[in-house]
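Structures are listed in the sections that come next.
In what comes next, chain A is part of two complexes: it sits with chain B in the first one and with chain C in the second one.
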Partner chain A sequence: MMVDLLAPLAADAILVIGALSLLLVDLILPPGEKRILGYGTIGVLLAALISTFALDLSGEAVGGAYEGDALALFFKRGFYVSAILASLASLDFGAKIWPRRQGEYFQLLLYSVLGMSLLAGVRDLLLLAVAFELMGVPLYAMAAFSRKDKLAVEGGLKLYLTGAVSSAVTLYGMSMLFGASGSTNLAEIASAPSSPMLAMGVALTLAGMGFKLGVAPFHMWVPDTYRGSPPPFVVLVAVAPKIAGIAALTRLLLAGDGALLDSVSELLLLLAWFTVIVGNVMALPQDSVRRLLGFSGVGHMGLLLLGLTTGTAEGIAAMLFYVAGYIFTTAGALLVLSAVADEDGNDGLARFAGLSQRSGFLAFAMLVFLLSLGGIPFVVGFWAKLYLFLAAWGAGYQLSVLFIALVGVIGLYYYLRVSRAMYMTEPTVEGPISVDLGTQLAIALCLVFVVGMGLVPQPFVAVAETAASVLR
Partner chain B sequence: MTHMVLTVAAILFALGIYGVTTRKNAIGILVSVELMANAVNLNLVAFSQHWGATGQSFALFAIALTVAEVVVGLALVVLLYRTRKNVNIDLASDLRS
Partner chain C sequence: MTTAATLGLVAVLGPLVVALLLAVNGPVRRTGVGAGALSVLAAIANLVAALMLANSWWGEHELVDSTEWVWLIANGETIATVGVTIDGISASMLAVVAVVALCVQVFSWSYLSDEPKADFGRYYMWQSLFLFSMNALVLAPNLLQLFMAWELVGVCSYLLIGYWYTKPSAAKAAVKAFWMTKLADMGLMIGLIIQYRVTGGFGFHEADAVALGASVGVVTFCYFIAVMGKSAQFPLHIWLPDAMEGPTPVSALLHAATMVAAGVYLMVRGWPLFDLAEDTRLFMALIGGTTAIFAASVAIVQTDIKKVLAYSTSSQLGYMVAALGAGDMIAGYYHLTTHAFFKALLFLAAGSVIHAVHSNELSNMGGLAKKMPLTAGTFIIGTLALTGTPGFAGFFSKDLVLEALLHGAERNPVLWIPLACCLIAAGLTSYYMFKVVFLAFFGEPSEAAGHAHEGGIALSAPLVLLAVLSIGAGIPVMGALTSQWGHEAHFHVSPIGLAGTSAMLLGLGAAVQLHYRGGSLPGVAALAPVGNIARSEAVDKAWRVAYKQGLRTLAAGVSWFDRYVIDGLVNLSGVALLLGAGRLRAVQTGKGGDYVYAVLLGVIVLAAWTAVVSA
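And then the complex of A and B:
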């Protein structure tokens, strides 16, 4: 009976069991052999990923607070894949920088992924609050994991302070949602009669989650944390929690008949516009490529918000396809970056000068990822943008589409600036770059998906459409 | 009665926001975040008068969540002190471009 009730959470159970076993194995292993814990983590995440395909995870669990539907599975797979990419990059880095504490790092990673994984199918305010914190708290600790590194601690503290304030604001909003509707069930909240308190609750919850998403004007932590934190961690934090934020917003705003979305759609659209402007304009003067990608990531969040604002099945499907593209493109670009940055984390444009002569593979991969971020045809970024714009146009947001597409053109400038440095200037640092096997594998995976989804987008779009069809 | 409690909670929340934005000391910011979290708990408990015990159990969860968060925050402040010998966040600005 108990097993039946928890069956839709089988993938999450794998993560829990994996993380706890990691804790025990970590205690037994001698200090020199902790590396195996990283492989174990990737194994656990792979097992969870496979379980989403192999097992039937549909149905309600924990008294209706969680429901495994196609949308939940879509997001779960996204989280697991991005966590696998980040773990691959962490293998060598962790063994070198914090050899004795690898177990802790990977455990925190698994707990955070567990939080995201629960968010994917959340149906209840209480589970939403708990899962959101479970996702966030381990990230704060991981950001400052190089604890003697001034910059990492500063980046971690900035992530923490914005995160703590944002969760307080989110909880305050949630308390109002509860107060206005008398229920913690999201569908019941959506069907409650509209009142100022309900609208304020949604707005505050939205603002709190905006911090996690890095939506302007709540984006201040993004570039600093990207620049200060350990590079493999940035691969995780730039992708998974942001997608989780989108998942949580989708669940909250489109619960029931989507009445909550209608009450904040203007606000959401305003945030989308502002985010796109801030992300693209602030990226222009950046020299640190990580800060540049940070701001560009802020810009991409604006596009995702546009997709969410439409609230139509096409809009959500386009947003999900964009999410899939975003995972591989952003993770790929940051993986290349973690390979190119030096020991102190310097990643100015000078480090990229003449990269094509130092490592043809890295330069080519980075070029593909940058083209995809800029939305150039035949890589996934182009189709993602196209579908999103078409869906938003069809839903009656013509002005926003024109505006956001125009602002996106600014993005091309700074993406091409990096490409130019890689291919058209002489290297300032001599010698080939050595990349560890894990990072190479992760970059190759991203490359395959970015190009593959660019050449044959249809199957992935079909998956996104199935996932979006469960709403409304 | 309920609306008075809600007003107190809103004032607490506003004080917390004020503290977060004006405090230079990292510990001070954490205290302000605690104020905001307590406003949430007060809100939830006040709503329980209307809606029954769900709000109170929500408040218990909220307390546990805030504790977990603040513990990590204090650890980060300790790290900040160790790396910089002070906890003034305005001086921790090496990442500003």
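And then the complex of A and C:
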């Protein structure tokens, strides 16, 4: 009976059991062999990923607070994949920088992923709040995991400060939602008669989630955290929590008949426009490539918001496809960056100068990721943009499409700056770059998917459509 | 699959295979010569396939063969298909591209022979990638595939302009060219989105044009924005002169014969749509006419031989756009094909000169006719074709363009403006081209020109082939094109044709008068009595005054406008954006407290908005 109730949460259960087992293993492992914990974590994540394909995870759980539908599966896979990519990059880095504390790092990672994983199918306000914090709190600790690195501690603190304020705002908004509807069930909240309190509740919740997404004006933590935190952590924080934010927003706004979305659609568009401008313009003067990618990531969130605003099956499917492309493209670019940045974390354009001569593989991979971020054909970014624009235009958001498409061209300039540094300047640092095997594997995986989804987009679009068909 | 489709696939995929092979296999690429040989082989296979296709089209007149595979289905509807379409337009364009591409690849072999091996291999990798993209563009069965290939040729252009990346100006020019054309490309993207939303597809046939209904105007206008970027139309032409930083054979292939012509090709391909869009076509005619005269004026005061040719390209593209705007697709397309040959010839011959004297500046040339007779001869043939000398390929196509504009003007008087622009531009073209001929090939040789000598067979063979085509492509191509579309376009002597030829002669006369210092000019000697009058002091003085105070001042003014106002605006907007963004950086103070305030400010804005909306 108990097993039946939890069956849709089998993947999450794997994470819990895996994390606790690794905790025990950590206790008995001699200090020199903590590396195994990293492999173990990847194994746990892989098992969870496989379970989403192999097991039947559909149905309600936790008394209706969670539902394992196709959309939940889609998001879960996204979280697991991005966590695997980040873990692969953490293997060597962790063993080198914090050899004794590797276990803690991966513990935190697994708990954060568990929080995201629960968000994927959330149907209830309470679970939403709990899962959101479960995801967020470990991230604060991980951001400042290099305790002696001032920049890392600073980045972590800023993440925590703004995160705490956002959480407070979210909870306040949720209490209003409950007050206005008398229910914590998302579908029931959506069907409650519209009132100023309900609208305010949605707006405040939106503000809180906008923080996780890195939507302007809640994006301030993004560049600082990207710059200061350990590079493998940036791979995680740039992708997974943002997608979790999108998952939570999708669940909340499109619950029931989507009445909540209608009440804030103008607000969402406003945020989307503002986010696209801030992301693209602020990226221009950055010298640190990580900060640059941070702002570029902010810009991409604007596009996702546009997709969400449409609320149509086609628009949501396009948004989900964009999410899938974003995972591999952004993670790939940040993985290359973590390989190129020096030991002090310097990642100025100068570090990229002449990269093609120092490591042809890294330069080529970065070029492909940049092309994809810029929306050039034959890589996933092109289809993602085209599909999203087609859907948004069809849903009646012509002006937004025009605006966002044009502002996006500004973005090309900074992608060109990086590719120009890699291919069209002489290296300032001599000698080939050595990249650890884990990072190499992760980059290769991203490369395969970015190119593969560009050449054969059909299966991924089909999956995104199935996932989107759950709503409305 | 039919033979035609198979040949089309060979043309598209052959260069792609080579490009991928060279990208993946570093050792082969770094051999240099091996990479070049593979690339040239693919170009030869491509030419064979293209000629076989063109040949079957020549005989049958109506060969339409389209093979498509579904690429992406979303929402139950097909979004993207990929494949090849073979018909009169694509087969002839494929042949033009194939000929020029092979000539350029062979020419480059010798031109870049001093480059390091790895760079040589890299160059041919990109050449192959470009050939693939261009062929995919030409044979595209729908506008979406055309758009994807269009973006890819832009990337190739970026890579090839920046080939000599150690020159900062080359790297800068590459970025600028890419960014400007990409901005214009958004027009194409938006146009495609509208077309898909209205018709459910990206087709370019009559049925699609009809299905567009009232939207045909806005869709074609969006497409034309992208054309202005790609085909260097005023005021988006400004990237083209900068693009001359790339190796000269690249300029010949991409920035004269094929890639920049892709914009015109898009309109020819999508002609059923443009045919119905009266307003867009009027706009096209005006922009085309403006570009023709504007770019020709700027070309007059250029001292760099490649810049002269670059502005000339922009000007000639203006002719094509104007002809299409006047409603005559064949005239525009015909000028595209002849222009591809003679402009590629001019660029390659210029490259041969640059190779010999190691400078682009006309002042470092002079008297080269004796040292490099073949180069001089072929350059002059190219010049005669470009200026529209009777009998040469350019004469027939330019005549057709002028007639198209005249016919258009009879229906819509506004078209007198582009017609006048094109007529004056014909005179200017003749002037600046013959000026280049006289300065580079006649007169006293400069110091650098003293040691110049003719290049090897790899340099001269492409010149000869293109020279033959610049002479011979006139009548037969026109015959083929007109029979293909059953369109009456016989050549006949007409007032407008005579006006064009007169303008050309006037330009020639001005050039002789002002720049010819080479002793006896063959043919001029026979006209000694006329020559004497022409050389009399009074006439000479009149010419000089007219030139200095009229033409040259005007051209200098236009050129100033081009460099400082149009280009300045482009650069200024970039700088302003960067500066503005730099200022905004101050917002990102790095103080934790400020970040919290920002979050709270956002919350307040959101709450206020909601309060106002829901109140």
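Assorted remarks:
Keep this in mind: the second predicted complex is superposed on the first by the 472 of 472 C-alpha atoms of A that agree within 3 Å, B and C clash if a C-alpha of one lies under 4 Å from a C-alpha of the other, contacts with A are read in each partner's own complex, and residues count from 1 in each chain.
Rule of thumb we're sticking to: a contact is a pair of C-beta atoms (placed from the backbone, for glycine too) under 8 Å apart; a residue touches a chain by one contact, two chains touch by 3 or more.
Predicted model only: the values in this text are computed from it and were never measured.
When the two structures are aligned on the shared chain, A:Ala203 is found in touch with chain C, with no touch to chain B.
Once the two complexes are laid over each other on the shared chain, residue contacts for A:Val130 go to chain B alone; chain C is not touched. Once chain A of one complex is fitted onto chain A of the other, the partner contacts of A:Glu266 are limited to chain C, with no touch recorded for chain B.
Contacts of A:Gly179 after superposition on the shared chain: chain B is touched, whereas chain C is not. After overlaying the two complexes on the shared chain, residue contacts for A:Val461 are found with chain C alone; chain B is out of touch. Using the contact criterion defined above for the overlaid structures, shared-chain residue A:Val169 touches chain B and also reaches chain C. In the superposed model, A:Phe361 makes contact with neither chain B nor chain C.
Look at A:Ala405: by the touch rule set out above, it reaches chain C but stays clear of chain B.
More chain A residues lie in contact with C than with the other chain of the pair chain B and chain C. Once the two complexes are laid over each other on the shared chain, residue contacts for A:Pro223 go to chain B and to chain C alike. Contacts of chain A with chain B, set against its contacts with chain C after fitting on chain A, overlap at residues 154, 157-158, 161, 165, 169, 223-224, 285. Against chain A, in their complex, chain C makes its touches with residues 23, 26, 71-75, 79, 147-149, 151-152, 155, 158-159, 162, 165-166, 170-171, 174-175, 178-179, 182-183, 186, 189-190, 193-194, 196-197, 574, 577-578, 580-582, 584-585, 588, 590, 592, 594-596, 598-603, 605-607, 609-611, 613-615.
Partner chain A is touched in their complex by these residues of chain B: 6, 13, 16, 20, 26, 29-30, 33, 36-37, 39-40, 43-44, 46-47, 50-51, 54-55, 57-58, 61-62, 65-66, 68-70, 72-73, 75-77, 79-80, 82-84, 89, 92-97.
The touching residues of chain A, when paired with chain B in their complex, are 125-126, 129-130, 133, 136-137, 140-141, 144, 147-151, 153-158, 160-161, 163-165, 167-169, 171-172, 174-176, 178-179, 182-184, 223-224, 227-228, 285-288, 291. Within the complex formed with chain C, the chain A residues making contact are 154, 157-158, 161-162, 165-166, 169, 194-196, 199-200, 202-204, 206-207, 210-211, 216-218, 220-221, 223-224, 263-264, 266-267, 270, 281-285, 313-314, 317-318, 360, 364, 371, 376-378, 382-383, 386-387, 389-390, 393-394, 401-402, 405-406, 409-410, 412-413, 416-417, 420, 423-426, 457-458, 461, 465.
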